[in-house]
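Chain naming follows the written order as A, B, C, D and E, and within any one chain the residues start at number 1.
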Amino acid sequence: MKFDWFVVPFLAGLTFVFGFCGIKFYRCIRQLSRGEKLMLKKHVFSRSLWLSVKEIFSESLLHRKIFRTHPLLGYMHASLAFGWFLLIVLGNVEVKFYSEYSVNPPYVPIFLNYFEPVTAPNFFGRGFRFLMDLLLLVILSGVALAYFKRFNSRRFGMQRTTQHHFLDRIAIISLWCIFPARLLAESLSAAIYHNGSFLTNTLSKWLSALPVESMLYPAWWGYSIVLGAFFFTLPFSRYMHIPTEVLLIILRNAGIRSHYFGHPYQEVDTFSCSRCGICIDACQLAAVGNSVQPVYYLRSLRYQKPHENLTENCLLCGRCVEACPVGIFSTDIRRHERTLGHEMCNTHYAFKYQLKNNTPIEVLYFAGCMTHLVPAIKKSMTSILDHSGYSWRMLDADEEICCGRPLLLAGQITAANKVIMHTRSLIENSHAQLLVTSCPICFKTFSENYRLSIPVVHHSQFINMLQQEHRIPVHRRNISVKYHDPCELGRGMHVYNEPRSVINRIAHLQPNVHEKAKSLCCGGSLGNTYIDMETKLQLADQALQQMEVQSADYLITACPLCLKTFSSVSPIAVKDIAELAAESIKDTIVPFVKVIEENKSATFAEK
Amino acid sequence: MNRGKQLIWQNYQKEIADDHFFYVRSCIRQNFFPGAEATFLRILKDVLQKDVYDDPDHTTCTGIGYHTDIVPLETTMTVVARQFALMTEKGYSHFIPSCVTSFGMYLEILESWHNHPEVLEQVRKYLKEATGRSFELPANIVHASDIIYKFRSEIAQKAKYRLINRYTGQPLRVVEHIGCHYAKMFPHKSVGGAEFPRVLAGIIEEWGGEVIDYPERRHCCGFGFRQYFIKANRGYTFSSVKKKLDSMQPYSPDLIVTNCPGCNVFLDKGQYVISEQEGIVYDENGYGIPVLSSEELAGLVLGFDPWDIGLQVHQVSVEPLLDKMGVEYEPEKKYLGKENIPLGRPLQPTVLKTI
Amino acid sequence: MPSFGFSVQPPQHIDLDKNYRAIFDFIKENEPSFQRCIYCGSCGATCSAGNFSQMSLRKVNLLISRGQISEVKNLIDNCLLCGKCQLVCPRNVNTRKVILLIHKALKMPLS
Amino acid sequence: MPRIAVIGGGIAGMEAAIRLSNLNFEVDIIEKSFSLGGNVNNWHVLFPDHSPARLLIDQLKNQLRDKVNILLGTEVVRTEYNNQQYILHLSDGTRLTFDAIVITTGFKVFPAQRKEEYGYSIYPNVITSAQLEELFQSEKPIHTADHRMANRIAFIHCVGSRDDKIGNRYCSKVCCVTAVKQAMEVAQRNPGSEIFLFYMDLRMYDRHFEDLYFQAQTQYGIRFVRGRLSEVSEKSDARLYLKLEDTLLGKPLRLTVDLLVLMVGMEPADNSPQLANLFSIPVGTDRFIQPENFHLYKNRTSRPGVFVAGCASGPKSIGETLADARSAAFEVYNFFNNN
Amino acid sequence: MGYLFDRLKNDLHYREGMQACINCGTCTAICPAAEYYDYDPRAIVETVQRGDEAELESLIKSDTIWYCGECMSCRTRCPRNNTPGLIIMALRALSQDTGYFAESEKGRQQIYLKRTIGHNILKTGYCVYAEDIGTDTHPEQGPVWDWRQQHWKEVMERLGANYQKPGPGAMRRIPDDAINELHKIFEITGGLKQFEKIEEYSEKKARSLGLQWDETLDNEYLQQTYNGTRQNS
């Protein structure tokens, strides 16, 4: 059994990390409900575990997603994570090759060259040495990049980068030191035993001038110490994400989600944030100077800092979730945290409206609060539904019922449930076969919180269906438009194609850089109760600029709220997709408007 | 005296006849303070040697019925017409109501007749049909307090007492309360207008007192007709009284003078009610603030026996005031009837002190 | 004391001399746009809750600025936070935040 | 060259005289008081830009200098008209002949004591907006009549305007914004004071007026209450007790203030009806001089050669008054060049 | 505008009281009722001015119009020379004419007023007759009043009243032909008709409420209107 005192820092650190994580993970899993524990068991002891393994490999080690964001950034992360991983694996294989013991303490592979200094290695030995050097080189390049990124993040496709705090700095410094230290130790031993490869050899030649024998032992100490330092700070720094992410991936693939604030899954989520800062650019609020992004929010959560504004000040547009390489549902965490402490709203609403007639109908139309402020949509939907030939009725003509989502988003769960119960009973009692709504916000709520016995669709889907079945005529018009995906409809409900096919039947749809999952938020989101109207309009303005709407005749959207927010700042007219469809039912466009449109699109063609 | 008020008063001077009056009585005053009307007539007849006719045939003007909305306008108008007819038949043209509600109502009706002659004609027909009487409109119609105002200096000359605190030599601090219907409807038919009425202020100052102006001076006494006569609404009345008393208390008044029978009742009885309900009395000695009508005050300064004037039927004892003024009176005679028949004495209230 | 069958009441008016401003100030501190309100009533006109209750943010703002807190709770209790008022407000008052702040203020010891 | 009499030496008269003399008319200003500038002499700073009123008057005076013949302390007592000329008999006994007349007699502030229930001239701490302007002249904080710091101040709109009871149904137009301007000025001088504005409608009709309103609300925390003052009474400590209704809440409202400012409206100057009479030109039910036509000929009167400008023909802001004076001058010019 | 409005417009009180309201609130500001009840004369004038028949109907069916004390302080202050007080009187007349007064608790009190004041007028020629104002129904009148009631006649005579005797003087007996003239006037001018209406509609209401009803003041219905079901307002 080989031992030397210098391995103590490393060994202690390693034990500490494993101990810490062990306890932490055990705690998390114990907090899971019985059902969730079952799901976890089913996942771990079944073939589906393979999914997790694959994901751990591709995300935690190769960082596939980050590669997609920016190759250089991806390489940086992959080189460090995957490189180090291979180093450890290879180290262990090499040990098997030399050591006479079948089992070796964990430090042996790390400090192999101290315990088993191979003199004059044979062919295999040289192979190992070469691979080791190669990996080390790769890792070092990663370190170099990381170091470089501190000064110039733009080269890595990041406008802004995270401000780190104290513990993170220690951790990051020790991490940066680990591999240079290893290089030094390896090179020194290479200088003595001449067992290095291209990297260590070259370096050993330069070092040979120095008293290498007396330097070697301290070098090993140094290597062990930085490793130890890293391991000790890891649990308290961003690097806790390395072990946590593994658990996260497993839980996620087991189908476990968070349902309330403080759910173990959320703790895992929180700890899995590597503070890479990719969410900062994704967040439109950053552009107007609010540091409220998940990276900061989760950090403040993790260190129990006061963060009320962080909780409230979020559009819940979900762009950060889309961008997050780890796939953290930070918006869920925020929404759940909002429920804490301010369940303030009423829980007994004295609704007056009752169903006047409940003669069975085919389509039940729910305009939604915001739609009532955009009569054009109501009007268009009326004519569309009349043309559709379906029997239909409008549920919220009295403008007094609500889907309940605004309350949900503000964390007023109990109140929201009352509203939901009421509206749900109205829907169910209407004996309709299909529920159509014009508001993506309502659409999401109906689909997620209502457990309705009838299908619910957004009007863009409904219109698409009608057009496909030729239930409503379509007249093509010579206009070119841009389409804006509403958050709740796109990222929220993954409805991307129907609106586009509707538009394509009627007008020329211009490409839009920020589309589908990458779509921008209009700024008017109900999710944010914090920022004032001015800021919201500022966001809308920026969004329009980024979408380069000027090139189009109309900006088409599918959400009354987006429409209202955009139209107050938009340089071009903003229309709802329903308006577009309704207008194209008959050639209702006044002639001279057509002329103008044609000239416009002519000039557009010249561009 | 305040310059600004003088300027205002100049705009509200009205003609007040100086003799040959036709007097009509007040329901409330007759019931509650019969002595006040007796005193008024005594002053006019004996002190001022005026000709005043007290008609046995006249009736209520139905004012309270009118303002409790049970008597229709036409009916009230015709009853009023009848009073005028009596006046005309007896050969008078100067009309003096004792009651402020009546006074206001007479003015209101005359105004309506003036604006709508057809209504006047209709009323003449009604009256003819009902009673065979016909009438002339009064040449001059003023309230009893206007008469006292007109002759305030004559009274002052004949006065035995002045509104001076004989212990301090300071003028008595007097609160004036004008019945709402005296000036609020027709400021130009009043002395001094609705905002700073002169009618009582003039009397008080003339007789040596100091008038105090307090925030709720113009607030109604709270009678409110149906509000008082229905028990369920009566809180309205005494809440109003309380508001007024609370507002005047900081000025520690010695006396409240009013020209309206109703106000007289409620400001007086109100002090009893509030003392019972809230335990509050509005003067430091616990006797409350005496409330006198202009007639009673006139009688008092002229040296009439307080018990002839009828000050014993006030709930708030007047003796502290009499002492301040130095009025001579026989305390033991307070509760005696005619020919000094003893009638016992009222019970003591729980809080409010009485003598 | 005889039973009078009625009782003397204090006057019912708004008394700006004992005007309770704590809640107004709290909201003003946390959301300055609150004091821009010109009481035009646009919010009340579009209010969903207004269709089944007396809710009107205009009225709520008034009551708060006049210190008439007692009536506020059962008004805003009807609010659905739908945010229509925010879109129609000519003075861009951040109405949803204001309402949440009012709820909060009413829960605080100061009220 | 025709000779023009401008009756009234306020800013309207001065501006008209300047423009007329620029058009090479011979101009006399006939002013009954002993100084030029009229009411504006009493103002401190002007809305919406807070520029000093004195400056405006001085500028006008400079332009007048030795162009125009100015008769101070003079009034017109009689007029004759023969062969298209007006002979004016003046209070100093002289008789002057003119080819045209411009009436710029302006306005007088509403005498607030006529609104009896407001206790003006009875309660010392009730003052008018005009008096407040005078207080502003000294750059000191605002105190009450009994020398206490004014910590609670109320401004009452529509005093002498929009009021059939005192016989003025019309709106005086400038009081709303003046109240806001003055309230802000008081807020600056008396920091921490509570200021209330009681209005019926806020008529912020012109450029930047609404901005002033916004500022007053957000920067100075001035409190606007919709309701008209009904009654003022004095408390034993000489503070004033106000009774109104908060008409937006439909509830009676009470408050005590240290100082009450009445936003007095405009009434025709005392001599303007007589003057109208002398020239036998009609006045409206509001007693302001009636122009021949409200849109086309708002400076002409029914009488050829007699013109009107400024507040003599109804309430106007200073800007409007000056513009009106200019257009009057041009009307005079047309009068002579078309005949 | 409709049936009710046309009738309202014919009322002299309405014609004299209603010019054109600018909702300034000077009336409510000094209204004694507005400080005691949840009451706003301005709002009433506004309702009437708005001319909505349905609103008017629910107004004259409500307690609201019965809160006014008819002190007429409002008349003094109105910058448009309206008199809310007179408008109220017109509304009350209409409410009694249509029988809607019986729909509100405050309105129902009219029967009690009719049976006290109304009866006094026709019986005695006085609106109030002190002997009926006992401290049992009017405890607020206090001990001195109580004493007077015990020695009613004596005190009256002590104070120079011509108590219940013919000829002039306070509290005299008003001659029968005077009383008869009053009756005749009431008959011709619609006074009696109004009394009958109040009786008729009140009786209907009493029956529909299942309350005991008779000619006196002591039956359930009248006692309830007099003493009220809730304290104050």
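The rule is short, and it goes like this: contacts are C-beta pairs under 8 Å (C-beta built on N, C-alpha and C of every residue); 3 or more make two chains touch, one makes a residue touch a chain.
Every value quoted in this text rests on a predicted model; they were computed, and no experiment measured them.
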item: Joint neighbours of chain C and chain B, given as chain labels; value: D, E
item: Central chain of the complex, centres being mean CA coordinates; value: C
item: Contact-richer chain pair [C-D vs D-E]; value: D-E
item: Cα-centroid distance, chain A relative to chain C, in whole angstrom; value: 40
item: Computed distance of Cα centres, chain D from chain B, in Å; value: 46
item: Chain A and chain E: spacing of chain centres that average the CA atoms, whole Å; value: 75
item: Whole-Å separation of chain centres (CA-atom averages), chain B against chain E; value: 22
item: Interface hub residues of chain C, defined as touching at least two other chains; value: 2, 4-7, 9, 11-13
item: Residues within chain B bordering two or more other chains; value: 194-195, 218, 231-235, 238-239, 243, 273
item: Residues of chain E touching at least two other chains; value: 30, 34-37, 76, 140, 227-228, 231-232
item: Interchain contacts (touch definition) - all pairs; value: A-C, B-C, B-D, B-E, C-D, C-E, D-E
item: Chain C-facing residues of chain D, complex; value: 196, 214, 217-218, 221, 223-224, 226, 246, 248-249, 251-256
item: Contacting residues of chain C [partner chain A, same complex]; value: 31, 33, 46, 48-49, 51-53, 76-84, 86-89, 92-94, 96-97, 100, 103-104, 106-107
item: Of all residues in chain B, those that touch chain C in their complex; value: 231-235, 238-239, 242-243, 273-274, 276-278, 350
item: Footprint of chain D on chain B - complex, ascending; value: 2-5, 7-8, 193-196, 213-218, 250-251
item: Contact set on chain C toward chain D in their complex; value: 11-17, 19, 32, 35-36, 38-39, 58-59, 62-63, 65-66, 68
